[in-house]
């Protein structure tokens, strides 16, 4: 594990064209890292995330992505992700290929990735047209019961980026609160970059807490408020007002670009 | 969830011939429950446990079991389980059919059981003769890569019995320390009985701790020191001296029976 | 996504309640005490928490974010607000929610929303228009597909219009309406409640909200809506229900 | 299980150390600082902790009980003693240890024991005699089969006798000795260390403990034991090694 600046971490671990998963389910979404990816004008990324959320709406709108693996692409409790829609409906600013799943399917795909199995199995996608539009959703026959079950290919991102509350000096990462598929996405990746609210001297031994040991972590970046407008349990709350406001900002291409220029491009990484 | 006496819980949830998993990996082994099963003279049980340990050595020696699913059957750090050996080598006191796995295979089988999938997949049993003596270990071909992987059938015990540190009045169960495959075995079972060191009024909300919610628990039994000679983190330590002593007690059938009469049969359930 | 419906639904009638409130209250009444409920965001979240604060104090609420047994004081905007984690009995990883709880058959009731529903209760929340070139890209499946399959019973909450209650879905995101008994147990909409005909599974008008009419209902449904044999008028909101719902929403 | 070996191994020689101590020290020297080590119980546990307390302070010890990054003060009797949990960086469920750490290829070194080893380093810890009617039922595989396959490198610790270093295993519990480069990197026994011939994979005598001889080694091995081209004498225990090992064992 190395302690890096945000700029250096993105430069080293997110080359153009790579497969990147910025995970965190509603909680601990790595916005600061996403903004640095935008500032560095990364291109042709294959973005992976169960819920693209505002972070991928911003990255897609700024032209970073050419492919998206996802399972629910809305603004939670508000409505659409207008930049995602504009990319899919109008190919603006670039076409976006979709690899679309259900939450259950993506969860299994990350879990298989963490275990370095080539596929995951679920009793899923039943009664859905998704398998007809996504050829990666296949099936397998149980060697005992003969039941036919759905399969998804494992997800093994080139890099997974997480935001967490704390790392210690060794690089162990501790997470509290909603974890989503963070652990699975972290362990499925070839490299793991973690931005954190704070770095502490050392944790007490943490029996049964959610912890990623330092030797599975490639780089740690200190990025206070790095999950805003999402939240970090114990540090700051979800900025629900901003999530609502984003609906207006993102509806119009020019308003969107103006906001990104002012709030993302003009700022320097910490 | 119901609060029951140990006697009532075993009477109701462990009928003769059922499939029972008393789990807990070294830590929190439900000895008190095992002793009550012996006192109630249960017969023809299909016992499931990754590490049979002293608890199954005692149950097998007292004639409770006709079948054993397991992955490592020794006295950890000491040597043999002499009663298990006597059953396999000499069919004393009764023949014992074996369904033998590796730890990795059993872990996957419990996990599949918890997910109510009919089988689990692993890159396992390679270079081993186990698949040649256990026809339940089969294989499957990955629908993406063509790789052939091992499969195990899901384990879904009729009843799983755990020992835990605490339950609250609602029946939520909290576990601290080494958990082994306790959660998976609990959620794989049709009924779940948990003996506990203590029952508390209520827990604080326990973010990310190991907790089994009350509505997956069939019965709670208060059984202080119910994991002795194994241990309960925070309550009492492993009685390593007894584990060593058991090697002598269990070597001889008569010495074994005398010990069981005095320390198990003659005692009443709490 | 249904701005018209939202505005109309939010207007108080002469009796002092709105159709949105009536929808939420009607849904909350379908939940029995102690049931294990997989909650979606928005109206379902309000309905489930209203049930918890009125007739079903022991209901267990699970949000797909992994919060189990939550008791929020404030209605969350998203399914993963900090309030849900802070008041949960425990927080578990999302893959476990879907594999060990939902797929394992441990959920009694699941709530679903959508952009379109057909007469068998199948749902579309993926696209309007062709998948490869949609006129409107919707959020997608999320948890819906497996909730529809694995929850013992599902309820749909969806405001009615001929564009949402359609003869033919543009895309089937979830639903087993063509498997007898696997469609939703009820569709709660802003004129009343539809339930499936036990034989054919076709959704029929089963109950009307006070003030709603069969003609109004039929005007919002793009297929010829059948009326159940025992069409009833649903009880209006009780004072306790309204008071607690409004208190929950105002916090 | 090897009472003779234990007694002989526990006797101090003229230099004041025992063969058991030399085995543990020789094994500990094979571990580099910072390596991720899957620890078995008994001699391997002593060797790994000795390495941690001498030349490899940043070694990461994982026990299959789910304790990750343990730093026990006292040598555990079992692989799941409370001491291991109390001093661990974290404790995770056992299925995750095997799937997400071992199978995922995150382990540098795994230690194995057995009742029998063959000339290719395949191991038997299952039965002596036929599987269906064994003369001696042994504990079985535990973690060994997948450790042998998935750890980047494996080391075997096993006291030697013609009944343990056999021409033909009664049962193959684990091992890929017939796949080039997949057998153990070293077998540490009570006369010295065997390593595989790079071409054939056959275990050859690579190092002798001070005081041990080629004849003594050959007498304990049931196949014709080859001697490596650069047979060396292994350095005797250093004071620090002996002191720290004894302190660890006496606690």
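Labels for the chains are A, B, C and D, by order of writing; each one numbers its residues from 1.
In this text, contacts are C-beta pairs under 8 Å (C-beta built on N, C-alpha and C of every residue); 3 or more make two chains touch, one makes a residue touch a chain.
The model shown is predicted, which means the values in this text are computed figures rather than measured ones.
Considering the contact criterion stated above, the chains in touch with chain B and with chain D alike are A. Distance between chain C and chain D, defined via averaged C-alpha coordinates, is recorded as 59 Å. Inter-chain centre distance (chain A to chain B, centres taken as mean C-alpha positions): 39 Å. Contact with two or more other chains is made by residues 115-117, 122-123, 177, 179, 207-209, 233 of chain A.
Along chain D, residues 85-86, 91, 99, 103 each make contact with two or more other chains. In terms of which chains touch, the assembly is arranged in some other way, matching none of the line, ring, star or all-to-all patterns. By the contact rule set out at the top, the touching chain pairs are A-B, A-C, A-D, B-C, B-D. Contact residues on chain B toward chain A in their complex (touch as defined above): 115-119, 121-123, 136, 138-140, 142-145, 147, 149, 151, 153, 175-177, 179, 207-210, 233. Only residues 114-117, 172, 187, 203, 205-209, 211, 213, 215-216 of chain A touch chain D when the two sit together in their complex. Residues 25-27, 50-51, 70-74, 76-81, 84-85, 88-89, 100-104, 107-108, 110-111, 122-130, 133, 177-181, 183-184, 231, 233, 237-238, 240, 243-244 of chain B touch chain D in their complex. Residue ranges of chain D in contact with chain B, taken from their complex: 1, 41-42, 64-67, 76-82, 84-86, 91, 93-95, 98-99, 102-103, 122, 126, 131-132, 134-146, 148-150, 171-179, 182.
Chain C meets chain B in the complex at residues 34, 36, 60, 68-69, 85-92, 99-100, 103-106.
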